[in-house]
Amino acid sequence: MGIIPYIVVSSILFICGIIVMIARKNIIAILLGIELVLNAAALNFVAFTKFNNMNIDGHVFALFIILVAAAEAAVGLAIVIRFFQVRESIHIDSATQLQS
Amino acid sequence: MNMFLMIIFTLSAFLAVGGALSVAFAKNLIHACVYLLFSLIGVAGLYLTLGAEFVAATQLVVYVGGVVVLLLFAIMLTGGSNLHHVTSRFGLESTPLMGNLRTYIMGIVTALLLIAVLCNVLQGSISASAVVESKFSSTVEQIGVKLVTDHILAFEISSVLLLGALVGAAIIARPYRSSETEN
Amino acid sequence: MDVYLPIFLLIFIALLIIFGALILSYLIRPSNPSLIKQTAYECGELPVGTAWANFNVRFYVVALVFIIFDVESALMFPVVAVYKRFLQLGSGGAVLLSLLVFIGVLIQGVIYCWRKGDLDWIKSYRTSSDVRAKGLK
Amino acid sequence: MNETIVSYLGETLGYSFNWAGTLAIFFIASLVLASIMALIGGLGTYAERKISADIQMRYGPNRVGPYGILQFLADGVKMLLKEDCIPRDSDRFIFKLSPMLCLVGVLASLAVLPTSSGFILANLNVGIFYLLGATSVVGVGIFLGGYSSNSKWAMLGGMRGAAQIISYEVPVTLTILSIVLIAGGLSMNTLVGGQGAFPNDWYIFHNPFSFIGFFVYFIGSLAETNRAPFDIPEAESELVSGYHTEFSGMRFAFFALSEYIEVFVLCAIAAALFLGGYNIPFGLQEHGLLGQLLQLAVFFTKSFFLYYVVIWIRWTLPRMRVDHLMILCWKYLTPIALLNLVGTAVWMYCFDGKSFYMILKQLFVASGQ
């Protein structure tokens, strides 16, 4: 079993994430899509580490991707909650002003 | 053992891809979140088939135990309707940089410490090649060695990043009592 | 690879137990649903409204502090695991120093949240009118 | 490196298994372990009622079987015969899913349960970290169970339960980190094998910080499994039954079973990390299968002792208020755990990884000369 199946899976994950990010109008759903995209990237890192016989650096990168994804989710969701308190909506199109 | 690998890969890949597709096409946001949970578990299974057990366990701990719970909480916090009008300016009355003397001292001390450590380590006291690699056989130990030798800058900076995320998100999400909005 | 097999087998067995019990129970249990029986329990009253309402933001702040800790500990685990080996190799000092700085930055976050009252549960947040009255930042 | 029960058996019996044999042994061992855990979960309810009766000067269950020991079977049959009520307004998909998540998460964590040095199902390199990840699925299951019922009691219980579980995971994780510092590895056999059979070699007495750490871990794991005095998510007097108010029949049984098994697993981990685990004295583990059985006995004895303490605490202490619970976690246990971590790291550096006992012994010998 080579690297191809992993790349296929990760590209499907990536495309799903992109679809979610584009098609959804709910901000939290968009964050779900971002998580999928980041997962696809981390999966690629680990897969290339295994099959290209590199050293363990890919795993470290995957770790940092997970870390950044968690931080991004924390801050993003805080913004969503604040936005909801201001606008009573988490519809992406209601975010029309930088200041309210 | 190639057959086990195939079976586990197939199951995990189906879980991951099916979960991702379901996220894309779910009608209910909570359901989408649960499908995302499945997708993440599937990706963890894929990491296992790649021999990256530490990354898989991190995926479980951080995503399943952390991010998904955070997402569910956020959905519950925003899912209801008819909250009365709140008009505040994102609650940011003063910029978070405007600290007092103690915060500056703490910041400077931290920065100096960071610089000292980095100078100490980067000036070649250890590098990954200097460590006898054969003594660190498992992936966890190899990752640990990498984190304290080659990637020590990223390791330390990541703590600062997380500190920033914590402080920033706490400032943004911190609730104010309604007395503020009445004023 | 077969090291990971027990995990999947245990998940399989758990699903086996669950579906076996559910199917067995499906075969022998009575089923006569009624409108009252399928109402959510609210101490005998008819339920008012939905339970899926807004919750307090403090739940989110707790989850936020948790996830930061979670990620940091996940990152610390491999470093901590090699610490003893580095001590034996004679270069434990640098690892100790980097660990201490890492934890120190983490502790600053905790102190910040503590001081700002994010870790309290009840009378947590100073209102902005309090802030103005006391002249505090 | 990674070892499994199969490689252990292959080494002992001098026979290398092909894939079918591997699969069969793994399947049988997993099945046995899962059934033992289900039995322990069932007997846990019986033990709880009997011990509570003891503490309150009652008889407890005494009708079904000798001393009422078959009570859990009667309860199980009762659960099977209960009607399966799903509330009309509930989220049916998640309502059916959440008990499964709880049970799957707990049973998946059994893969690294250090029952003995050879009979551990899989001695993963990431052992204890994997266990943390697998048990964190339970929190999601509890939250989803509370959410899906669309009942106010269940929703409140689910939110509180999730908040409590994730909060107390922080001190538990930090304490485990300090133990990993001492042992220098994440796999279960490293963690347990670094200790000895006698209390002076246990990690609980390794240094003052790990002694405090044991209590932090124990309190944290009590709270993580929603046991009294931390059973806020299912407090009968406030929230009718908490997150499983609307669950009946087998679905409720899955929640209860996963809770009892998780209590046992966390007790077992406490025994393994702090109390020496499966180590038996006088080098008896060299003697093949008999040694392994002795190790099993030692492991289960320690775990059951802690299990008894858990039940004892439940029927002794009153329930905590929810804000006190959060204050205890964030303002006491977490800073203490952080200090423990720093202190352990510094101790390891200053004293070259020696335990308190070894330092005392050295001092004693040095002063004698």
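Order of writing sets the chain letters: A, B, C and D. Residues in each chain are counted from 1.
Just so we're on the same page, a residue touches a chain if its C-beta (ideal position, glycine included) is under 8 Å from a C-beta of that chain, and two chains touch if they have at least 3 such contacts.
It should be emphasised that the depicted structure is a prediction, and the values quoted were computed from it without experimental measurement.
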If you apply the touch rule, which chains end up adjacent to both chain A and chain B? C
Relative to the centroid of every protein C-alpha atom displayed, which chain's own C-alpha centroid is closest? C
Any chance you could check whether A-C or B-D wins on number of contacting C-beta pairs? B-D
Quick one: report the Å distance separating chain A from chain C, using the average Cα coordinate of each chain. 20
Could you put a whole-Å number on the gap between the CA centroids of chain B and chain D? 26
Please compute the C-alpha centroid of chain B, do the same for chain C, then give the distance between them in whole Å. 13
Between chain C and chain D, the Cα-mean centres are separated in Å by 17
Residues of chain A that touch at least two other chains are 63, 66-67, 70-71, 73-74, 77-78, 81
Sites on chain B at which at least two other chains make contact: 1-2, 4-5, 51, 53-54, 58-59, 61-62, 65-67, 69-70, 73-74, 76-78, 83, 139-141, 143, 147, 158, 162, 165-166, 169-170, 173, 175
Chain C residues touching 2+ other chains are 2, 4-5, 7, 52, 55, 57, 59-60, 63-68, 70-71, 74-75, 77, 80-82, 85, 106
Chain contact graph, described as a line, ring, star, complete graph or other shape: other
Chains that touch, pairwise: A-B, A-C, B-C, B-D, C-D
Could you pull out which chain A residues touch chain B in their complex? 1, 5-6, 9, 12-13, 16-17, 19-20, 23, 26, 28-29, 31-33, 35-36, 39, 42-43, 46-47, 49-50, 55-57, 59-60, 62-64, 66-75, 77-82, 84-86, 88, 90, 99-100
In their complex, what parts of chain C are in touch with chain D? 2-7, 9-11, 13-15, 17-18, 21-22, 24-26, 28-33, 35, 37-43, 47, 50-52, 55, 59, 62-63, 65-66, 69-70, 73-74, 76-77, 80-85, 87-88, 92-93, 96, 99-100, 103, 106-107, 110, 114, 119-122
Residue numbers of chain B touching chain C in their complex, please. 1-2, 4-5, 8, 11, 45, 48-49, 51, 53-54, 58, 61-62, 65-67, 69-70, 73-74, 76-80, 83, 93-94, 98, 100, 106, 110, 113-114, 117, 120-121, 125-126, 131-132, 135-136, 140-141, 143-145, 147-148, 152, 155-156, 158-160, 162-163, 165-167, 169-170, 173-177, 179-180, 183
Chain A-facing residues of chain C, complex: 57, 60, 64, 67-68, 70-71, 74-75
What residues of chain A sit close enough to touch chain C in their complex? 63, 66-67, 70-71, 73-74, 77-78, 81
